[in-house]
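See structure below.
Chain naming follows the written order as A, B, C and D, and within any one chain the residues start at number 1.
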């Protein structure tokens, strides 16, 4: 048994023991045991991933007697290892965070038992190496996360609604993947990925496109790409925060993993329209996601939509890689794939951090509504600082890790290709424009999230009374914040490892796409270099230097607290502040026809005369466009189909006998 | 061993007679449980022997137990064990609540054991005529079981059940007669109803007559197996019958009827080649999936919901057997076992829910997980098992069947089946969500579910989960049984 | 990172810090003269800074460390860009450690911290300014990046020194429609980002109209001095970028002291010229309504888009 | 027993059986339906008897006696007693009016003759040539069950179906092995008994055995 196999076995065992511990023990011991064992499982998984990434070679496990009629095949190669690493980065801090977080009424047996299993299934999905194993682990992940999403079903009716949406869409994802892979396996000698890889290129082009489209639908649903994203802003906010951190930080990546594995590894790449489709889906997801994040009032719903956006950005990189590889530039495809993989790891870090931060806020204040928050930075300094780091990271600002992957993403799209095909020379600029707009709106959305959520004065009594959260939750958040800064300043360590993961996709790799000379990253194709260490380090140095210089110039240190300028009025209340809705109102007005918000304005006049207004009630609701125009009609049609089909079973015995009669006639006819 | 094979059906009969004579008492109820346990162990023993030494023939050729029969005996044993163990508590509660009289309970005990005995005869006989008589006998035995509660709905359900089932099975008899007629003209003096001999002389049977016989057999045994469009009796019968009976009927009677249909398919395929029966069975299978999926969407009664789920699963089993490859048939047989266990647990749990909430309407049952956590968890897990969620065994068998369909290049049909499965999944999840989650709207009775009932159901779910992870020794029996249907 | 490059960078930083306030002073003086006013002397901004440095340090009631950190981050990000951008010499200190894309994100870092600083005191004006500033910044981003895409495609690399060298090597490429469109796009974006007239009026004190000013309303004394200096440095960088990316003649290619001197002189002259041009442009144009600014920025985006596709089809 | 005598006698018996089927379809008075069922039972017994004598084997003769006892005597008596108990003498308005149902019966018989040819020409002798008529009786039985509203008529339709299948059995194979015949007959008797008990319960529950009232259990 190689070290890697021991690692995976230990991860699974730790998760299993965690579940048993959850079922057996009670009270604080349960919380601690589950937290520590899940953390251990995540750490073991992460260690195995690092082992594989540094060149230890793939970890293969073959268990024929498990899963009847199929057998379990596991094979963790470099590509899968990146995703396991992303899971580990989120799962370890989230588990520690969970110890404190589940103290607030979530310490029930069903919830705590499912959490370790959810982490184990997340760790094992990238290692699956046969169709049945992938489907088994995919459904196990869906089941465990469904139970976790429905953890607080007693308190809120939205949770029950979210559980149903989540359960149905996960099964849609599983059925689509099943259809794609089963048809693929039908044309291959066996059902293991090895067999599929061998026959991948010899399939007829119609079958290859069928498998591509369906696997994109299946894995895209789990990644929350736009037409299939409807469950994400419902399920993630309703789940307990350390679970939503895991779902947003780790689970959605596995959708991207699926697309990469099936389309560019097993099928071995395809025509250019595949890349363009993935790119187009990525662009729409990014723009749609960030627009809805911008106008969201619910903090966790904002984070969920931003997950959709980040997955869109990753798919843009993957699509670009597909386009480059099918138009004969494997080296440029390498740059794009490195950008995608780096952004996956970075996104896992900062999205996990943001959800944990949101979780602390919800635990401390009991509300998720940004309009009622405010002033939390003073009351919850550690959570505030961590959330600030997360926000700056997701806005792709130096010195944090988002900046590096956004830079690499833009560099992969900006290629001075001679106009080999009109498609490239038109799609690339559109992609750059969309990514840039998304970047700008992301800055606006998270300036709103951090600004209106944490700064200024509290706008409701329960936020006023908020207090900092417990030690374990703080350690969870701070560790992720340090990870964001570390990845931001020194990504070259990760880039050497990502090269081996990229090479695992031969159809998307060539030459030396991203070299790291010392601390500077040099990209192939359209050359450009960046050394995050110098830029980040320089910034931090300058920020420290400036007050010193001011002190030298004789500036006094002490500050006097003075009243804000209210253009003459002395009384300043919290109601005068800019809330999340007002902060995003200009941008919402700019993108009015995309978001199509519902306004209603109720003005009640005083009884005496129409010219004096007693009260004005203004309500604006942003409804997800796809949900109202695609999913609601679909559900109505299904309900009508259900009603109409009751005609078949209307209770009359004569109709039932008539079925038999007609069947007998058909049999007589057919048996000529 | 021949003794065991031929006299196994007597075991439940003895338990039945004991209940008939001494009435429904704790002792006779436990006798029924012991009887079912005996049948299960008999199935296991026969299974191990048959796998090594091939079919066991006894009673002058009337009884022939091969791997397929042993597998079905095992399914009957397991399902009847769950049902009779649960019935101990169930009938006592019915007596206490006055839903039935002591005579009714005595009749119940007797008829259930006769029902199990008839099924055992049907699976262990070699003579297709005896199979037919046994299947017809099960209809008669269950007629009064469906009408056990003497309400208006029960009368209506039992009338429809008897009429439709009898007509269907008579058409099957027409098929059997035609097969006998074909065997008479195959060669001089070769007229036989013995399955093994029919299979041997399959080459000489007249294809035209066999084609008519095939149609009649599909309609006939399809009715008893609950395949659409002959499924119409099933939702009424299963929703009105007492919980342990509908558990038995839904769990194993459908599988036994499908077993008889599969036996005939083997002979007919030998005569006509696989294409004819494959197209008919795929049509019927997909129709069942379609009817079940569409009627699950706006379903208002949770017992009927479980009945339509049975139609859906039997449609999938028919679809698997129609594909005919060894993997498909193994998947179908494995699906039968998984469905028998999960459906029995689900129906027994629905019986408890009926006691607790007094109504079978989904809309009136709220917040079950909060009001009755133990019962809610068992019913929830059973629903998840039926939805084909790992670790329960229905997931592995569903994936195996769909994989076999892919391998047989039936892409379009597989995609259609998978889509219908998705519709059914979403509808059942919606109804399950409404019943299990949320705030309870006031419980009706303070009656606590008897501990032994819940433990049996929990053990059964555990078994289904274990089966879902690994088959262990059962694997050799399953492959041998699938070899019988798909040589 | 050789020693002369470090010296070059140090010169560049001291030069920019020295020149920035004077450039703003020059622009105000030109406007005053064109409007017939006497106007303050060119050195007035330095006097304001010296005055503010000795004022009392004020901390608004409900603000936290974000309000105090913002000015330093704003100035720090400006100075980092100065180190990266080839103003006097192409061999800048951290030349290889950043390219045009890095510049965009450093500028965005400054803007975001300014927005947060506007929100922190919890006043209506600060929130209003912050909301409008982030709207403009978000919408300017696509045009800015696409303009850079156009420039880097033409030079085959996104690092600034290479772009400047490629223009020096073959000045003919400047005349191509692609680079003209790119110039137009970049100039619109620069006006928007630095808060000049059509988008925001830097010299207004009417709270409801200003964007940049209302965010810094609460700053006083030394903090206000740092903020003022930072925004002047940003303006100088933008003008320096336009100057060198589109008219790089005279920039020192080697780090020889003589070339550095010539480079300094040429850059100062170019900055002064651009300053005067912008000042005269501002006299003749009025501030645009906030919800017409997106149209302006979309126009800039289309210009940049054409710049790219043009360079693809025509080469 | 010469061949020509055999085929004439068979033709006569099959003819009466088919006519009885039409009588059941035609008459609306329950008593005459029961009488027609009894006559048809006798016809089936005659067919069994003639085939038995022709092939000089004892089994069909024994079967004939059993069939006569069961289908010509016991079951019709049961049905008559059932009608007397429930005092419903007439089939009120069936789903399809009488002339239309007769027309349908005729078309059905033609259809069966057209499609069930292959069974006829497999066996060479006169008996198997009459098989399509027997299958026609099966289909007519099913038609009666699908159209008529009364419980008794539905049972009569079921008996028509059973007689048809018994006829097919005798004509094609001159009687299945006795064990199966006995099992089948016992099952038939039990089904009729069960339906009789259920009809009694239906009267107490619904007041009348009109099957159209049985529509409460629906989706």
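By definition in this document, a residue touches a chain if its C-beta (ideal position, glycine included) is under 8 Å from a C-beta of that chain, and two chains touch if they have at least 3 such contacts.
No experiment lies behind these values; they were computed from the predicted model shown.
Most remote chain with respect to chain D, judged by CA-atom centres, is C.
Looking at A-B and A-D, the interface holding more C-beta pairs in contact is that of A-B. With centres set at the average Cα position, the gap from chain A to chain B is 44 Å. Centre-to-centre, using mean CA coordinates, chain B is 78 Å away from chain C. Chain centres here are Cα means. That of chain A falls 69 Å from that of chain D. Between the CA-based centres of chain A and chain C the separation comes to 35 Å, rounded to the whole angstrom.
Of all residues in chain A, those touching 2 or more other chains are 646, 648-649, 653, 657, 660, 664, 668, 671, listed in ascending order. Residue numbers of chain B whose C-beta contacts span two or more other chains: 159-160, 163, 167, 171, 208, 212, 235, 295, 298-299.
The residues of chain C never reach two or more other chains; the list is empty.
Of all possible chain pairings, those that touch are A-B, A-C, A-D, B-D. Of all residues in chain A, those touching chain D in their complex are 646, 648-654, 657-658, 660-661, 664-665, 668-669, 671-672.
Only residues 53-54, 56-66, 69, 72-73, 75-77, 79-80, 83, 94, 96-99, 101-102, 105-106, 108-109, 111-112, 115-116, 119-128, 130-132, 134-135, 137-142, 144-146, 148-149, 152-153, 156-159, 162, 207, 217-218, 220-222, 226, 290-291, 294, 301, 305, 308-309, 312-313, 315 of chain C touch chain A when the two sit together in their complex.
Within the complex formed with chain C, the chain A residues making contact are 374-375, 377-378, 384, 388, 392, 395-398, 403, 406-407, 410-411, 414, 416-419, 425-426, 429, 432-437, 439-441, 443-444, 447-448, 450-452, 455-457, 520, 526-531, 534-535, 538-539, 542-543, 546-547, 550, 553-567, 572, 574, 576-578, 582-587, 589-590. Considering their complex, residues 116, 118-119, 122-123, 128, 135, 138, 142, 145, 151, 154, 158, 161-162, 165, 168-169, 172-173, 176-177, 179-180, 183-184, 187, 190-191, 194-195, 197-199, 201-202, 205-206, 211, 214, 216-217, 219 of chain D touch chain B. Across the complex, chain D is touched by residues 127, 129-130, 132-133, 136-137, 139-140, 143-144, 147, 150-153, 155-160, 162-163, 166-167, 170-171, 173-174, 177-178, 180-182, 184-185, 191, 193, 206, 208-209, 212, 235-236, 239-240, 295, 298-299, 304 of chain B.
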